[in-house]
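Both complexes below contain subunit A, partnered by subunit B and then by subunit C.
Now for the complex of A and B:
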């Protein structure tokens, strides 16, 4: 039996108050965890998303980011060919993104089309059927939402129609294609109906000149070579925008800076709430037990033991509250993530809240530090309780 | 010649109250030898509890000195004084002051744990002490589950835990009914007979009458 054990047992003396305090700490800890996950999760998730298939660089029309506008680059095949000759490049491929329609009976449904080079693609994962081959000008890949809209599955034939331009007199280009496979497009927002064909087919559907592309993806053989390669490509093709994943993450971070600020503010507030909760509870309990503390000091219990007892209570509250808070934080993060990623224009595979070991460790350490900080004043109060005066007051 | 367990010389204690200085003790000297059983008697406000607190090193005198086994308390640091209280003195309070969340055995073990006594040894000693005070059958009960007399017996066992040189008791029967108080008196007699040095503050005439020596206090001084 030590003063620290006494501290732990003391928490059970007021079970309702302890439970309410734990609930408060858990909520504050959950908020802190969510905010820590949010502050680092956006970058991590975006970076992971971009590197999903190992392509570390994106070339886009000057002044744009991938699929930010409908602008396209001229001379895409020449750029791709030049890139493929670079010994530092492991793969390179062009992509065209465009709106188009799918015919279902007498009506048209709006789709998004990707023109890809199957030998160097980083946009999808095959979920059923077969992938396209570079020479497959009669095949198409569908996302689940597109398949539902078109009522098609693997092996069916679908008709895609290029975008209708009211200023162009000629009829829109139509093309019947066989569904080769079902895919999950990595950058699609939730429910986006997307289709993919080899690049020349999509260029014709989009009425684009045959050598235009929205995006060129580049995979370097060595991650360490990416900065030098990016510099070289910038000099070689000054007419295009060259971004490494790190550059894109930086752009993205600038755009979502308010999320980070929000996370800092709310995270700080949750820490303050935690400190106030623990400090208030401990101060109340110390004041209630001044007589006991004076007795302990009188019978020879050291200040260090008394301080340890108060810190033990604070630590016990923090540890249990933090454990509950981490569970609660993970649950609320999933819910919040589902809400935020349903915003239009955000890839469904993107995540705002990314639970990582280092994030959890950081949040747990910050909370423990907070618990210790919160115990400082009550511990000081306990260690400085005047023994004789307190015992006199207790006796009257 | 060995130093007495307790020696107080010319103790004075003043403290402010409502803007005035109260002279709680006005030059008190007291010597307690090994095996003594001293009762400090007197009416409320006579300074007897203040004297006990000074003797026990839980308050500091305005003037004068206290020696425990030859060690002057005013020469000790706070840590050393705390250690001396732990190992050389035993305290018994009017209101028992047990820790309510702990069992009788845990309450008795607390000072031993603080003194660094090993778990097995303190378990055995706590049981032995609780047997001694007649509570061997209540070791696992929490303080809140005990009667007033039982709580005071546990407090006595706690005070004896580290084999103190002197046992200091402040109105130990003040919260007890007559019959229960009588049991505590008998226990004190037995303690003294077994060699324990006792200093008891009381306004209970029966308790004072049991002591080997009675010191009467009035207005902060010893009258006889």
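Now for the complex of A and C:
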């Protein structure tokens, strides 16, 4: 009989104790997995979201992040034209974001408006109808929530209203537009009623001075060229902020630093609980079975076999507990993700807990290493058991 | 005075040597003053965009903003201006974002909101409580997340406690066997084991409370320094301590009782290892 078989038999001899230990390890492993997913998931999810349409750079007014303030950049068309002339740039397009209103009967509903350049947009995916064309100054795209608020569908005409002036009891700018298509805006929060028109129409609705934009999106032909292109654009347009996806992820990580730190702390605590559980269980098991171990040693079983048995027990507990923990962790991660993604203003497509092969492998390896480490002391105890003294004590 | 959120580019560094009593006065947030090495009396240039830095102003005060949990993760800096100065700079005279209204004591907030709501087109009236409820959504989400994590932690701790208690009592197999051999009653052994479990639970609870207080203090010290704020991040209230101690005592006693019951109902020879 090998040390591993002895290890398994030993665990089976105390089913209640083994079951409780497995439950403890499973919960700790689930927590560890969730925290590992949380620590890496924020970056991954945000990066995926930004690269959804392949645009690797965002230009914003100096000192701001995309749509973080109402600030806009002057001379947007000039910047876009210069960018499009750069051989490293595959596409570039300006976006203006602004609050506006939609007229429904006698009342108004609040909407968010995107002014876009359809030939270079990365903000939406068409779900029904037709996309805007660059010259389409009479069309509008609606999100589902906006369509519900306005009671409109593809082909209907809606009236959008710019700045309201309470003193003259009227809207300064109004425009009737035909709904060309329904879209899903990638960066909208859940239920955000957004509409999109070509940039000049939105600029007029927002009463922005001509040629201003909130954001310019840039797609480089080659991912490797992005850092050099970003440096070049920074030098060329010092009045704007140039953010690569990596820069934006770094900013976002800073804002959600609390969750990353929390994940490190709780992940470490889970590991400590796992080590304590396995070490305590194995130490008590070894102490209980000192007589048995001494007998085995007395009939010629090697010290290595005894140590292997203790290690096998620890490893078996860890492997089975971790397997259960991974299942439990995936379930709890979905629940925790549902809680955190209800943050107001967070893009609906964002996720905090992202299951990835490398995350799962890392968590499993760390747990396995921890389990093996926890078996060190009890294994040392087992190997150092004094044979004669233990047998004499057992006999009395 | 009104509060204006100005982004970094909209405020240039101090202009040495300029002093002009006629310039608009601004109050600068302490962190911003430190970052730009501003002092009271310095002159700054303000604007709404890098290409329109046309307004000169004098730093009249450096202030410490009231700690606000909604602001700590935002990398924003603030300056405060008199309302007419800000309106002039924005090119929007006699326009405001909002009004604050204090009601005469005894006036119903709801009826005042309803009355004002019907008065004119173009503005929305909110009770302060409605704004507070809306702006605290973020913290409600964080609170729900903490509660979910706490439930997982409690489950993990409960299983851990049950396991440890079971092992602790199981360790006394030989003692229990000897006591049974010499005629000690099961009830006495059960009581002794339960008392031991209770003692372990009490000592563990006290140690846990001490550890929690130390961890809470460390958390506050770390995050106050990290976010440069006076906010309290970890608050261990008597209710929390009572709940935790009661839970650990109940779990410890339950686990100890279950293990002790199992032990005293096992034959002494089996306990002795000869059964």
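Assume the second predicted complex is superposed on the first by the 389 of 396 C-alpha atoms of A that agree within 3 Å, B and C clash if a C-alpha of one lies under 4 Å from a C-alpha of the other, contacts with A are read in each partner's own complex, and residues count from 1 in each chain.
One rule holds in what follows: contacts are C-beta pairs under 8 Å (C-beta built on N, C-alpha and C of every residue); 3 or more make two chains touch, one makes a residue touch a chain.
If you're wondering where the values come from, they're calculated on a predicted model, not measured in any experiment.
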Figure out whether A:388 sits in contact with subunit B (first) or subunit C (second), or with both, or with neither. first
Quick one: classify A:17 as touching subunit B (first), subunit C (second), both or neither. second
Identify which of subunit B and subunit C touches the larger number of residues of subunit A. C
Please indicate which partner A:81 is in contact with in the superposed arrangement: first for subunit B, second for subunit C, both, or neither. neither
Looking at A:272, would you say it contacts subunit B, subunit C, both, or neither? Reply first, second, both or neither. neither
Touched partner set for A:331, first subunit B, second subunit C, both or neither: neither
Thinking of the overlay built on chain A, is A:250 touched by subunit B (first), by subunit C (second), by both, or by neither? neither
In the superposed arrangement, does A:297 touch subunit B (first), subunit C (second), both or neither? first
Under the contact rule defined above, give the subunit A residues that sit at the interface with subunit B and also at the interface with subunit C. 291
Seen from subunit C, its contact residues with subunit A in the complex are 5, 7-10, 48-51, 73-75, 120-123, 137-138, 141, 144-145, 148-149, 152-153, 155-156, 159-160, 162-164, 166-167, 170-171, 173, 226, 273
Would you mind writing out the residues of subunit A in touch with subunit C in their complex? 16-17, 20-21, 23-24, 27-28, 30-31, 34, 61-64, 69, 71-74, 164-167, 169, 239, 251, 254-258, 262, 266, 270, 273, 276-277, 280-281, 284, 287-288, 291, 332, 335-336, 339-340, 342-344
Which residues of subunit A touch subunit B once you look at their complex with the stated criterion? 1-3, 5-6, 9-10, 12-13, 291-292, 295-303, 305, 387-388, 391-392, 394-395
Subunit A touches which residues of subunit B in the complex? 49-50, 53, 56, 58-59, 78-79, 82-87, 89-91, 93-95, 97, 99-102, 106, 109-111, 113-115, 158-159, 162, 170-171
